[in-house]
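Here it is, the structure in full.
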Amino acid sequence: MKIAVTRKEHFNAAHRLFNPDWTDEKNDAVFGKCNNPNFHGHNYDFFVTLIGEPDPDTGYVYDLKKLSDIIKEHVLDVFDHKNLNLDTPHFKNLNPTAENIALVIWRILRQQIDNQYELKIKLYETERNIVEYPAH
Amino acid sequence: MKIAVTRKEHFNAAHRLFNPDWTDEKNDAVFGKCNNPNFHGHNYDFFVTLIGEPDPDTGYVYDLKKLSDIIKEHVLDVFDHKNLNLDTPHFKNLNPTAENIALVIWRILRQQIDNQYELKIKLYETERNIVEYPAH
Amino acid sequence: MKIAVTRKEHFNAAHRLFNPDWTDEKNDAVFGKCNNPNFHGHNYDFFVTLIGEPDPDTGYVYDLKKLSDIIKEHVLDVFDHKNLNLDTPHFKNLNPTAENIALVIWRILRQQIDNQYELKIKLYETERNIVEYPAH
Amino acid sequence: MKIAVTRKEHFNAAHRLFNPDWTDEKNDAVFGKCNNPNFHGHNYDFFVTLIGEPDPDTGYVYDLKKLSDIIKEHVLDVFDHKNLNLDTPHFKNLNPTAENIALVIWRILRQQIDNQYELKIKLYETERNIVEYPAH
Amino acid sequence: MKIAVTRKEHFNAAHRLFNPDWTDEKNDAVFGKCNNPNFHGHNYDFFVTLIGEPDPDTGYVYDLKKLSDIIKEHVLDVFDHKNLNLDTPHFKNLNPTAENIALVIWRILRQQIDNQYELKIKLYETERNIVEYPAH
Amino acid sequence: MKIAVTRKEHFNAAHRLFNPDWTDEKNDAVFGKCNNPNFHGHNYDFFVTLIGEPDPDTGYVYDLKKLSDIIKEHVLDVFDHKNLNLDTPHFKNLNPTAENIALVIWRILRQQIDNQYELKIKLYETERNIVEYPAH
């Protein structure tokens, strides 16, 4: 009797999309205005989902207050009001696309959440651009 | 050619989270302010999804007006503007966590919806706390 | 050069609408299912607006982080996860309609916010039922 | 390492639900006010999801700007501000239910998107009536 | 002590924007794709606001259930799932722009609501196109 | 018969809040994490409202397509995917608080919109931090 429980959180950050191995022309052609060398930014909304069995004593799959505290310590305190390219170790050599941000959040939280729970991340870079990992 | 059709509904209710087999101290430690003996409450939004084949004559998987009527009779009229702990038989001996509310709604509707349709429930206790049953 | 700045906050609470001077029949006729003696509840979203001149040194009309802290101490810690009728002094003798909740929040915050700022409250009891004080 | 990327788009259109092989009485019984012979209409919001592996050079599964351009040319320019029954070839002989609109959008985009990407459509006819194809 | 109370409602309708005194060319130049002779449509969300003094016995400015019933009888039953140009007397000789729809709803409800209450209408034709009457 | 018409638009940008005449300590004390020298960013949603009389020939107060084009040319093309502090002349010597961004947008558009129309700006820096100019 698997149930999914989800917590919504958000952070605000600056980023720039580019590939340092490419010329400026190629970066402009591929990333367009997202390649602004002075950065731009977003309000990132994201949903963290854990899938597991409800505990018969509590009726909880997972205490969402505890999940929120874990997210705050390991994700929000690292990314909120930061420049993803300059201020975080995760994107020193990784392009901070929405796909990669979702993957990084998944890897960070996977180390904090017991493996009995399946873990999924859904991230809104804008209201209209959304990524999910894993995809199914 | 399976298609999912979903109807969004909502109800407003009071509830209290606690385990009657536990001490007050343990209930406070686990459920925090959700354990207020005088209750608190929520606007519960929920999505009911049916999965099936579209009818070739109508183009409908399921008439969502009919689904809405079933939800009104069997869910809203039972839970809306009620105290889940005191006013409903379902939570007399079951902690009304979001997980258990989703399970109860699923069981109620499973009896009303033909088994040719797969049934899923997604419930928002708040904008930031969400549960889904079944999980996949 | 007056600018309005607004902070959105929310709390979850139980309440019951009734007039103790009336018969049960009259309370039912006027308040309907909102008169459930076992209470029901809501996620209350509210917007606190301050109107004033921006400070030339900061560009702020009011530090919204400071406003959020004031709201937390004087409103959220008083109302969140509470039974408005039973747990708060404000509604011991005042019907906790959306109108009265907005008025009470206004009066609480008016004592905390310097009078150089005009103060307005907009409260959503549900997505579809909304009150504002003052009205203009 | 499959990731899902999603683009939200919308169009506004008129439609009428009915089966030309049925009597007026049967159409009214099944489709109710959706069978208005003078049409009614909706703001259709829809989400197009592609599932694939991120490109190691870009960090993108798919360039969402490119996806948005494909949707504009092949879906929005065909359906936006149109009468689905009268102005589009797709619904000349197909009832424009939400289910069928989602299927048609899927078929249109399936021809534009490389088969290495799994494709999913989620369509909101209203905030409360939603369809997804494929269902899983 | 004036308080504003607001009820959100919605209807779905088809319409066409054009001026019958103009040539097709001029209508196309001014109204663009909104001038489709086969109509297009929208989900119209609207907010009805009444401003008045709260009743000391109820704590209500106006019973929003009663307001919702009035809106249903006099607005939704007239406009929902209709073609505004063809099916309603109000737009036989009036272009159904968002501005005019808001004005018509205001005039309809002004006759139903006691003049002690100030009345305001806010209408969303789409999430991005909004009108209000009166403007202040 | 004044009616308000509103267009919603958005841009994504990076910014940093600080006062160059202050010490780092004072900037940190006042602006906190918003003072990150490497910048952070937001999805800025904003609403542009024009108030005027509807044109009797069109039923429009103002063509919202035309308003959207003006906003695109004079606001979005200047601010979208930019670093407000580094890439725009407006914030070279002005702290890009939400208040100041709203004022700057108002001043830009005031030069483009005929003075017969009253002009108002409402800007969401986040879902919870909102400013309006003018305030009434």
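The letters A, B, C, D, E and F name the chains in turn, as written, and every chain counts its residues from 1.
What we mean here is this: a contact is a pair of C-beta atoms (placed from the backbone, for glycine too) under 8 Å apart; a residue touches a chain by one contact, two chains touch by 3 or more.
Note that the structure is a prediction, hence the values are computed from the model and not measured.
Shared contact partners of subunit E and subunit F, listed by label: C. Shared contact partners of subunit C and subunit F, listed by label, are E. Comparing the residue numbers each copy contributes, subunit C and subunit E share less than half of them at their mutual interface. Note: the chain lying farthest from subunit F is B, by mean C-alpha position. Spacing of subunit A relative to subunit F, judged by their CA centroids, is 28 angstrom. Across the assembly, subunit A contributes residues 127 that each touch 2 or more other chains. Here, these are the chain pairs in contact: A-B, A-D, A-F, B-C, B-D, C-E, C-F, D-E, E-F. Listing the residues of subunit D that touch subunit E in their complex gives 10, 12-15, 33-34, 36, 38-43, 80-83, 86-87, 126-127.
Subunit B contributes residues 17, 19, 21-22, 30-32, 94-100, 102-103, 127-136 to its touches with subunit A in the complex. Those residues of subunit F that touch subunit E in the complex are listed here as 1-9, 47, 51, 54, 57-61, 63-65, 118.
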